[in-house]
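Next come two complexes, and both contain chain A; in the first it sits with chain B, in the second with chain C.
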Partner chain A sequence: MPARFEFLGPLKQLVEGQDVVEVEATSVGGALEELQQRYSELSKRLLAEDGTLHRHINIFVNEEDIRFRENLQTALTAGDQITVISAIAGG
Partner chain B sequence: MSQALTCNTCGERTELKPDTVCPSCFNPLEITYDYDTIGGQLDAEQIAGRSASMWRYAELLPEVNGGAPDTPVGWTPLIRARRLGKALNMPNLYIKNDAVNFPSLSFKDRVVSVALAKAVDFGFRTVGCASTGNLANALGAQATMLGLRSVILIPHDLEQQKISASACYNTQVVKVNGTYDDVNRLCTELTYRENMGIVNVNLRPFYSEGSKTVGFEIAEQLGWRLPDQVVVPMAGGSLISKVGKAFGELVQVGLVREKQAAIFGAQATGCAPIAALVKSRGEELTPVKPDTVVKSLSIGAPADGHRAARTIRSSGGWAEDVSDEEAVAAISLLAETEGIFTEAAGGVTVAVTQKLLKLGKLDQEAVTVICITGNGLKTADLVAHRTERLPVIEPKYSSYTTLVNQKETAYAGTV
Partner chain C sequence: MTTSARTADRPLDWYNRYARHIALEEVGESGQLALNAASVLVIGTGGLGSPVAYYLTAAGVGTLGLVDFDTVSLNNLQRQILHGTSDEGRPKVQSAWETLREINPEVTVRLYQEKLTTANALDLVKEYDLVVDASDNFNTRFLINDVCVQAKKPLVFGAVLQFAGQVTVFTQEEDCGCYRCLFPEAPPPELVPTCAEAGIFGVTPGVIGSLQASQVLILILSRSGHQAGKILKNRLLVYDGKEAAFRTIQLARNPECPVCSQPDFDFRQVEYLDTCVIPSSSETAKRTKVQQVDLDIAMVES
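Our next item is the complex of A and B:
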């Protein structure tokens, strides 16, 4: 069973407005590489020049911020729910 | 466009609308103004004749259809803190006292005033927020005043006083099993899945502009001059960034003479990601899981953390953090010296001021303003130990005189 990615708000444009995209991958970074094959703008918009996640983007795997796990190396298992969302909120 | 939502990274400009993220590069949007026009039209005399509220600076706040709200939010006292100044050996010390802000006794009344004015403009019928407590109180009160439906999402373990106050308003309080950062993520999802005006998500560019009025008022109350130093508590990092923006805008429109006020940030050690970034002299902020009694500053992944660090560094300031014990002791210090009862965040700000002095980061002689952002009644349990040894007497004069004789030294100044 693949992992399910949801891109919310303005980030949805990165996957051509789709509500959910499914990816077979073993890590978040691997999934983004796979998605890059389908959506050419994705990596450029989500990642900083050094390949790390852009500071204004948050990725949650099953509601947990990947920065509290292994960042882009965070492992994925079948059926994981991944939410990609802007970090410009709160305070 | 005299005002626009402008991306602070790629510079793209759009009209004012409920949005917080640049559609092109996903960086934060910021409201920009036509400072040349404002500078040519606005002067100190005009402002002096206006109502005693934060909306006296309307030209430097988001435009509101139908005019600025008439609720008396802001214009809180700037106190010359002679007794605290004597205790700290700072002869030119001031307290900006938002513990008495209207209507809910914290600086959050300012940001909510702007956010809800714009929520009405944009046609939202339901508003909401993710809150560490003070914002919940402010949103509950002002949404009630405006007749808006509101939903307040909070971490389940906030101080009971803040939850109780929020629950009394005409609002729906929802406790979330998680940290503030969990609540914040949920609210961001709500923004995009429901048609809601979340004040610190899709209304955030407007909301955060309200914080500038702390800086405007400090300058006006000092006689239209900027302080030499200001100490500001940090949670999401928005307030300190906007105080910096406010000082810059006052220079740009000619209301004060150009000067670099040094801006200092204060956090609790149990949640100090911005102070850690400043002290590391690095570039990237490391989020933390909060572990402190200072709930109102418990944001482990602060949205404006980088901006706050830039504001501090470019001003020549610094950031520090203090333990919960130091913060609680400083609540008492402020109350004992100035008669101002502040919440835990205020204790952090006073205690960090003490620490910055000890480290030689603050100039003791300089005109310094400490920003007190919330009222002590909201976190009164933290100082409950002060009541443990209070004397209890019979309702007889003889009981009173016996007590006074026993406590002669302690009571000498008051009897």
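Our next item is the complex of A and C:
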């Protein structure tokens, strides 16, 4: 069973507006590499030049912030729910 | 005509004005009095600040501080409902005050036609019970977060872009994270567009600002012993206007947060430009502390 990614808010545009994107991968970083093959703008918007997650982006694996786990090395298992959000500032 | 029994020595108009609150078991007379005694600083009187100020004024929050340096533009009016066509070019705080005093003249409204800066932020924030972030840029949002952490003022956060919105509450309690726990730094400007660049569906700030106002009122009530509802503490409410859907994401305090986990953090050491990076301890030691300047604030009280 693949992991299920949800990109919320403006980030949804990165995956062509899809509600859920399914990925077979063993880590969050691996999943993002896989998604990059499908969606060319994705890495640039989520990752800094050094390959780390931009600090205005948050990824939650089953509601847990990957910054408090192993960042992009955080392991994925079948059926994990991954939520990706970006800081926004408009008012 | 009032629907509640008059039980104390308060004017009949008070019972009439707040009858629907008083009728609520979760509010009642004592809750309404708590709202009347509260003071709230609203930073920004635009898309978010409009519904926030409208509802807090109508609810009878005793004192509202409004901070906004800007003037009304025609392109504001699609969403910034405090202001009208004839207000174009006028200070937003002035326009806001004129609207609000018509809704509820019993509310004291203090106007600060100023930019929020490291020089004035602490003096402003410490005068109020809690703060609402209704600003429109990352620099101001990080400054608001950092000064509220330092002053230990509860912060009701809201932000919008296009059809999306976010709401949460940073209570400044030991077990509650801050905005920097969630997003440590602002994005490079080219990666997250502003509303001017990307657009904003006019009602989006109406939804999010109304939720902020609701959280403010519930927070005031809960702090005065009334169980009116749940606070979005350590929870981020995410709104998708295209899907008419809400999601709640569980948040956690970052034990290594450079702001809320550092007892000696001083927001005046931070340059709130671009990415709002917290300087390292060695950089902090070298940096000359920003001079506190006397406030020069245009203040009007109704």
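Keep in mind that, in the parts below, the second predicted complex is superposed on the first by the 86 of 91 C-alpha atoms of A that agree within 3 Å, B and C clash if a C-alpha of one lies under 4 Å from a C-alpha of the other, contacts with A are read in each partner's own complex, and residues count from 1 in each chain.
Assume a residue touches a chain if its C-beta (ideal position, glycine included) is under 8 Å from a C-beta of that chain, and two chains touch if they have at least 3 such contacts.
What you see is a predicted model, and the numbers here were worked out from it, not measured in a lab.
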* Taking the superposition as given, does A:Gly91 touch the first partner, chain B, the second, chain C, both, or neither? -> both
Exercise for review: Return first, second, both or neither, reflecting whether A:Arg4 touches chain B, chain C, both chains, or no partner chain.
Suggested key: neither
(request) Please work out whether A:Arg55 is in contact with chain B alone, chain C alone, both, or neither, and reply first, second, both or neither. (result) both
* Figure out whether A:Arg69 sits in contact with chain B (first) or chain C (second), or with both, or with neither. => neither
Contacts of chain A common to chain B and chain C in the A-superposed view 8-10, 45, 54-58, 60, 63, 65, 67-68, 83, 85-91
Counting only contacts in the complex, chain A reaches chain B at residues 8-11, 13, 45, 54-58, 60, 63, 65, 67-68, 83, 85-91
Interface with chain C, chain A side, in the complex: residues 8-10, 19, 45, 54-58, 60, 63-65, 67-68, 83, 85-91
In the complex, the residues of chain B that touch chain A are 19-23, 25-29, 130, 180-182, 184-185, 187-189, 191-193, 198, 200-201, 204, 208, 235-239, 284-287, 289, 299, 301-304, 306
Per the touch rule above, chain C residues touching chain A in the complex are 44, 46-49, 133-138, 141, 158-162, 164, 166, 182-187, 191-195, 198, 200, 205, 236, 238, 240, 243, 247, 249-252, 254, 275
